[in-house]
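Presented below are the structures under discussion, each in the form of structure tokens.
Paired with chain B in one complex and with chain C in the other, chain A is shared by the two complexes that follow.
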Partner chain A sequence: MAYSDKIVDHYQNPRNVGALDKNLPNVGTGIVGAPECGDVMKLQIMVDDDDRVVDAKFKTFGCGSAIASSSLATEWLKGKTLDEALQIRNTDIVKELSLPPVKIHCSVLAEDAIRAAIADVQRKKAGGADAVPEPTPQPQKV
Partner chain B sequence: MGFGRTSQAAGEFLMTDDARTVPTRCTECEAHLDFPMVCTGCRQLYPVPESVDYFTLLGLDRRYDLDEEQLHGVCLGLARYIHPDRFAEAPEEVRRLATRLSAEVNNAVAVLLDPVRRASYLLDLAGGPTAGQERGVPGELLREVLVLREQITEAKERHDEAELERLRATIGSQREENLRRIAPLAEGACAADAGHRRELRLRLNAMKYWDNLLAESTPDPLAPATPKP
Partner chain C sequence: MSRFVYLDNNATTPLDPRVLEAMLPYLQDKFGNAASRSHRFGWEAEEAVEKGRAQVATAIHADPKEIIWTSGATESDNLAILGAARMYADRGKHVVTSLIEHKAVIDPCHYLAQNGYEVTFLTPDRTGRVSVEQVRQVLRDDTILVSLMVANNEIGTLNPLGEIGAACKERGVLFHTDATQAFGKVPIDVEVMGIDLLSLSGHKIYGPKGIGALYVRRRNPRVRLQPLQYGGGHERGMRSGTLNVPGIVGLGAAAEIALGEMPAESARLAGLRDRLWAGLSERLTGIVLNGNVEHRLPNTLNVSFLYVEGESLMMGFNDIAVSSGSACTSASLEPSYVLKGIGVGDDLAHSSIRFSLGRFNTTEDIDYTAERVVAAVNHLRSMSPLQEMAEAGIDLSTVQWAGH
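What follows is the complex of A and B.
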């Protein structure tokens, strides 16, 4: 099984690895896992007042295809509105990276992570004062 | 010895709950069958359907709590009767059947001897959910896994063997704890309601994450020793 150059590139030079402050009201965090392989993916987005993604970070513990899928996802997310971001499908990731059939679940994981992060930031924005405060808020300059 | 042909003739049959029948009395020598695939009296083989569950196949009660010694004994005992080498002189059809039955017994023993696979198998028999249907894990496990993964990565980067050892011990005991919680859930799986079975699925899903963490925190014996700078 040969991996595409794009997978190898994203795996060797992953974009946007890192973390955003999950306690900020405009940061959404999605943590998802694949019980079949035990891979875990954390994907975070920061949005501006117009619900446009201004930054995206990820941390993935898993195979090269899972890392490449989440790396690509963060690249695609930047600059998109949340509505546009919700249009990203795992099949788009499969196509872009030419993922082999046995690795399609990695792209599903990335789509799940995007949706979880979007749901999280939307919940925060909608909840406002009702939002449950995190135990250790750390003020941080953005 | 009656291994000259296979038999599906009428006799006494045991009705399993998936409505398939397995023989309980040998049609050749009329002895009671301890196992549905072979008469230990006259060595007559029976083409048990592949859909017959592993517990029925091995003559065991369908439960999680099983005696591993007994299972080993069953496995060795059966090999004396169904191993293909025993049928070297038999017709092709019988040799094929012996090969298929031996492979099924090997699969059954491998699944039932492993506590996690056994619990998962019981859950499948009880109607699931499968990992594909229910992908969740208990509580905040994924966050916990992320933190532990980061700590492992950092400990490895620092070549901090003591920290790695500490993490491995923590992970090992958490894994054991999860397995302990699986036991009572799996024991009652067959008579359990949907909520109970979902809880078992979440615990089983968690095992894969704990296994990965354990592997990740265990030093690779083939990795070259890195000289300290």
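What follows is the complex of A and C.
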């Protein structure tokens, strides 16, 4: 199976690899997947006071399509409000990267990771600015 | 430096130019049907077929009359297992094999299990070996066949063939072995090892695809098989169908070359394999050798790279051909059943790469591969959440993952 040029590009030059401080009240972390399944995605977003994503980082264990899906997700998240971010669909990722049918689950995982990260930051914000930082985030149910 | 390195020789091998040269006349002027008894076209084809039979027989210390031509090892495995099970059904309906045999053995065994036979699937040890004690323990009065491979295709682990063959002999049970990966790489002697049926293939030993053979013992005991296909009664009635003369010539020539070069070539390949392991293990932490260090094919190296997924790793060195136990490389989305069968966790199976070396690999190929693999592993670990968690001291086995 040949990879699309976009997948190869994201694989070779992944955007926004790294980590944000998960203890910050304006950082949301989503970890989805499992090593036994061959994919684990960690996606983090930092939002400003207007709930706009000012930074996004990822780390992914998985195939090239999984890496590209999460890399693309971080690119798309930056600058969006949380409401806009929730509009990102796995099918958009499939289209952008030309993922073949056997790799659609990679895009599903990326959408799950986006939603998990958003849910995490919204939960923190709902707890108020003085809320105690969350402990190590646990993988979200998908 | 731009090159392409082929390290997937357990999948298939390129045709050796010497083999091609031997085959060419039989693809051109010498086109006769080996079953034509009335003219020289048939005679020269038959002569070539018998030469090939002798070459293959010599390579496993058999009599040429004991070699049956097939289309490949999958057919040989099917013919041996189904043919023997059907022929000897009145003696018993119990068959023994293992969890990590090739699918060409496992699937016919599943078929038998669904059709009135009982099949015992032995679990090999953590290195992929089945012990003679395990075999002895499951042999019964109604056991008719034991099928265990010489060497595993994914990890290269060698079974104690001679001991297992002797245990089968003691109980009067037929012993079939799938020698596809071992044939031409390690010495095989059907007499010393007590083998009654043996499958082999042309394209794993620098011969052509579409040709294989089944060794069927003719004395002590005389093994009979019910054929899978009926027709002109070729190959002692066990495998009807016009013979693939160029393929047979190619397999014969390939077998002769492999046998002649085996002592020097196995030592060379083992040296390259160990050089590759050294090149990886000296520069990377968190890598695990899958298989048996001592009892292993000289050309096979199966390694798991912790915290890195196999398919993405292969993307990192796309000028090197290898294969992975990762699910992402198969249509089934399940990781390697062989690694699972020897107790390697799914996480490590997803991280595994099989390097299978061959006749045309050089020291430069190996050094280049080690360099490229190390770079790709480091690239992927820099973006691996598992690597990050492990570095933070989190025991990954205690994390509650949510599968998907």
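Methods note: the second predicted complex is superposed on the first by the 125 of 142 C-alpha atoms of A that agree within 3 Å, B and C clash if a C-alpha of one lies under 4 Å from a C-alpha of the other, contacts with A are read in each partner's own complex, and residues count from 1 in each chain.
The rule we apply is simple: a residue touches a chain if its C-beta (ideal position, glycine included) is under 8 Å from a C-beta of that chain, and two chains touch if they have at least 3 such contacts.
Predicted model, so just to flag it, every value in this text is computed and none were measured.
Undergrad: Is A:I31 touching the first partner chain B, the second partner chain C, both, or neither of them?
TA: A:I31: touches chain B and chain C.
Undergrad: Looking at the overlay, does A:K59 come into contact with chain B only (first), chain C only (second), both, or neither?
TA: both
Undergrad: Is chain A touched at more residues by chain B or by chain C?
TA: C
Undergrad: Which partner does A:V8 contact after superposing on A: first (chain B), second (chain C), both, neither?
TA: The second partner, chain C, only.
Undergrad: Between chain B (first) and chain C (second), which, if any, makes contact with A:I67: first, second, both or neither?
TA: In the superposition, A:I67 touches chain C alone.
Undergrad: Common interface residues of chain A with chain B and chain C?
TA: After superposing on chain A, chain A residues 31-40, 42, 59, 61 contact both chain B and chain C.
Undergrad: Contact residues on chain C for chain A in the complex?
TA: Residues 307-309, 311-312, 315-316, 326-328, 331, 333, 335, 345-347, 350, 382-388, 394, 396, 399-404.
Undergrad: For the complex, which residues does chain A have touching chain C?
TA: 3, 8, 11, 14, 17, 19, 31-42, 58-64, 66-67, 102, 105, 108-109, 112, 136, 138-142
Undergrad: For a test of understanding, state which residues of chain B touch chain A in their complex under the given definition.
TA: Per the touch definition, chain B meets chain A at residues 131-132, 135, 137, 141-143, 145-146, 149-150, 205, 208-209, 211-212, 216.
Undergrad: Of all residues in chain A, which touch chain B in the complex?
TA: 31-40, 42, 59, 61
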